[in-house]
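Beneath this line is the structure, given in structure tokens, with notes to follow.
Residue numbering begins at 1 within each chain, and the chains themselves are lettered A, B and C in the order written.
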Amino acid sequence: MEFDIRRIAKLALLRLDDAQAERFAAQMADILEMVGKLPEVGDEAMDLDPAHPMLLREDEIFPSLSREDILRNAPQTEAGCFVVPRVVD
Amino acid sequence: MRERYEAAIGIETHAELNTKSKIFCPCKNEFGAPPNTDCCPVCTGMPGALPALNAEVVRSAIKMGYACACTIHNVCKQDRKNYFYPDLPKAYQISQFDIPLCENGFLDVTLDATGRKKRIGITRIHIEEDAGKLLHDSAASGTLIDYNRCGVPLIEIVSEPDLCSSAEVKAYLDMLRLTLLYLGISDCRMQEGSLRCDVNVSVRRAKTKTLGTRVEMKNVNSFSAVARAVDYEISRQIALLEAGGEIRQETRRWDDLKGESALLRTKEDAQDYRFFPEPDLLTIVIPSEQAEALRAQIPELPNARLGRFMTQYGLSYADAFLLIENRDRADLFEKTSALGVPPKTVANWLNGEVAHLLGERNMALAESHLEKKEFAAALIAIERGAISHTAGKTVIEALLFTDQTTEAFIAEKGLAQISDTNVLRAAAERVMTLNKKAVDDYRNGKTNVLEFLVGQCMRASKGTGNPALFRDILSELLTKEK
Amino acid sequence: MSAAALSLAMRRGEVSSAEITKSVFSRIHAVEDRIGAYLTLCEERAMEQAFSIDARRAGGEELLPLAGIPIAIKDNICTKGVRTTCASKMLAHFVPPYDATVAEKLFAAGAVLIGKTNMDEFAMGSSCENSALGHTGNPHDLTRVPGGSSGGSAAALAAGEAVLALGSDTGGSVRQPASFCGVVGLKPTYGAVSRYGLVAFASSFDQIGPLARTVGDAAMLFHAICGFDPRDATSARRKDPDGLNPSDGDIRGLRVGLPREYFGAGVADEVRAAVLSSAEKLRAEGAIIREISLPSTDAALAAYYVIACAEASSNLARFDGVKYGYRAARFENLIDLYETTRSEGFGDEVKRRIMLGTMVLSTGYADAFYRRARRMQRRIASEFAEAFSACDLLLTPTAPTTAFHIGEKTDDPLRMYAADICTVTANLAGLPAISVPCGESGSGMPIGIQLIGPRFSEQLLFFVASYFEKLSGGFKCIAGGL
């Protein structure tokens, strides 16, 4: 199956140089060939499983982490916030 | 030119729910806290964190679904919407894709004073999580990110493109907002961001059926901005078509200060969200008894109440709308009217003086002391002339902000209006004696001096005189002598 | 010594936790240079924990069985205050502010943390060669791989550098290294153990599993970590597994199925022979052995990789250099920050799987790949369910070969993936599966036999596995001179 390695890399925000792109494309083609042989089994894909419903959480507050803990591993912080290069909203 | 075209407008509204905790974690759901102080591994997307769905979010969404006459999908799921943006810590939003919680409903909206109604289709209502907030401070080293808002529960309400003008859009948004307030599930403060809209606009030749290409507009931050953006976009599209151009499907950004929209994204730039079912959550199942119990909790909804106030109480659209805009006010109106006060009187006082006094103190009616029996007593006293209108205002103020009863307050302040003509006549004569110049002026033709003299009588009587009677008596006395 | 024996000895006052812990660290100091099982060692903290347990026991407190037992934890399980790297440059300096639920449970029970073990980066790999931060050798033969992705945990146990260990299993990552290193490894039923705090690879398949030198120890560790967790919506609400004690029960009449698709040409002769001979021993004891077929097995690898990579591509999107972890040193704008960080922070195998996953979810491909794989997953699960109506459990090799040489498969990802064929099916179907040593190859490398049972049949698996353990004579200590 055809695919555009550059477009996928862009969606995944991964940068590949030409050599990497070529190598990845070849490896992925092999994998996709294996995967492409998946037979169509035709049963409806049932994403819903009402026999095993989720137990929902009651609406209660539990103390949050401190701001120090939240920011501790951040590469850059300022004024109690995370920082990224300027973005136009 | 405009008459040759029709517009079709659809609105996507995001409302923050006022649950105590966030949608997927037990962090506090609050506005205005210092940045990143209401956060945990889940809402900041730390490695290893998992979502746990808040039951109250589902309940609130179902109530809105019933209020909009939707089909409730008792069995549904959530899906991941994948994209990169700094306000989205996991780089995906947990939302609902193909099986929304509520679908195929409508909202009835009253369009104008004649009571003309329109039914606006509601395509779907689904639950999802809010993203964080980006703070743009030119003094900072970059864009700052606050994740407090991450994980605040949202319902997204999508309307059919049934709206045709900015006036209809306003009516729809007013009613949508009131419905959320009546259900008590959102505080709907656009200035705090708890209610947000994206608008989809298309135009087509009048009387044709096929909708035109639609354009999406974002960054519309108030109801009046929505109206402006809609008007602008309709004009822009018509102008483009008239000039021989073609409308492209695109997303535009509304700039309210400039009063114009600009291209944000073309269809080709559109994101590939790669929706797939959220594997960290199981199937959501709401047993029908639970759903029915929620339906039973829904109060009379604003549009129905509006119509009923107009027909049952004979109120004008304007008066009725002002009342139903605030549920507590509407409740007090009905209770007070039931105690025998003419509805129009109750409406006037509630929408006028009471609203004004509360507004001065930024207080809600529910926070005040005003209750139906004392209120009714005060209004009846005013109607009967037992106290003057002016005195009535003082009584109402006391009822609002103190524990006083009507009777006790009138007695204590000596506000009982004197209508005994003998007493009034004596007071009027005294005033005329003290204001000889005014009396002469009147007799020389300056008839508007009468009001001044009435005012003096009211002052002399410390507001307890019946002003109408004073006027009659003064007129009589002034014309009688000499 | 086994954990069970050590626990008893501590309770009898024959040995202290401090002595045990010290002895483990002596061993580590002696051999770790060559084994490379650990990425982080916590000697000081471990000794503190050990002393504290000893003091509490001396004070007369009743302690849980795991109290004072030194344990190794795979480095994709969050430990508060202790570096958790997932063997990736991306998290090389990440110190979680919270404990995974399993860590919380273990520490509450008094277990002593030795350190965090090496693994394939983000659990993606079958040899531990994909680690960006360390290199681990198989203690039986240092020129061979320990298996992956929980290679560090398995190697630590085999080399005597830990008494118990935790790993994670998404496509065989607990069972295969267990079989390569001659120890016991269990992948629990999906949902039996909380995933909260396990850095996610494939959310639908990931499970944390115990590794140990004996079946009894694995069972002890499993019981300490299993159970419903409200923070993990996919965790199962079940009472503690009841039923057979590992030492009770009867092999007679046990219906054992051998799925022919697991014994095909890809399986090394020695492995096939060892596994079939083990089956014969069961038959000699009275078990009913029958050959069965699971026809969808050959599609399982493809289905597994599509779903696992799809979920991984989404789970790993959060690593962007903003909130935690690696950040590129130089970038010009936001997109550059994201792209450079992710390109520098992730290794090749991780990137390959993210690319594959992104592709199979993208518009135009999702139907042919992702949704088709989901349907195949359901087909595989129902084939197992059918098999379990006629069998109590299934018996297969854990891996087609014994541990291969370092570097042997690194150039060919597809060849590496193909070796997972025996293990991925249990993840696809959410079934419990255990690997227990059943013999050795001609070159002295351990061979593992896999038992797969119906959901929540861990007790049955422990029972039959302990039978094999008795047969094979239990854990074979590797000669001290490693």
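One rule holds in what follows: a contact is a pair of C-beta atoms (placed from the backbone, for glycine too) under 8 Å apart; a residue touches a chain by one contact, two chains touch by 3 or more.
Source: prediction; values computed, not measured.
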item	value
Comparison of B-C and A-C (more C-beta pairs in contact)	A-C
Closest chain to global C-alpha mean, per-chain Cα centroids	A
Centroid spacing, where centroids are CA-atom means, of chain A and chain B in whole angstrom	39
Chain centre separation in whole Å, for chain C relative to chain A (CA means)	23
Distance from chain C to chain B - Cα centre to Cα centre, in angstrom	56
Residues of chain B engaged with two or more neighbouring chains	41, 44, 52-53, 84, 86, 145, 272, 274, 281-282
Junction residues of chain A - those touching two or more other chains	11, 13, 47, 54, 57, 65, 70, 76, 82, 84-85, 87
Residues within chain C bordering two or more other chains	94, 97-98, 230, 233, 317, 320, 322-324, 334, 338, 358, 362
Complex interface listing, chain A residues touching chain B	11, 13, 47-50, 52-54, 56-62, 64-67, 70-71, 76, 78-87, 89
Footprint of chain B on chain C - complex, ascending	77-78, 84, 86, 91, 94, 96-98, 100, 195-200, 202-204, 230-234, 310-311, 314, 317-318, 320, 322-324, 334, 338, 358, 361-363, 366, 370
Complex interface listing, chain A residues touching chain C	1, 3, 5, 8-9, 11-16, 24, 27-28, 30-32, 34-47, 54-55, 57, 65, 69-70, 72-76, 82, 84-85, 87
List of chain B residues in touch with chain A within their complex	19-21, 26-28, 34-41, 44, 52-58, 75-77, 84, 86, 99, 134-137, 140-147, 219, 272, 274, 277, 281-285
Footprint of chain A on chain C - complex, ascending	93-95, 97-98, 230, 233, 237, 299, 301-303, 305-306, 313, 317, 320-327, 331-340, 342-343, 346, 351-352, 354-356, 358-360, 362, 365, 368-369, 371-376, 378-379, 413-414, 417
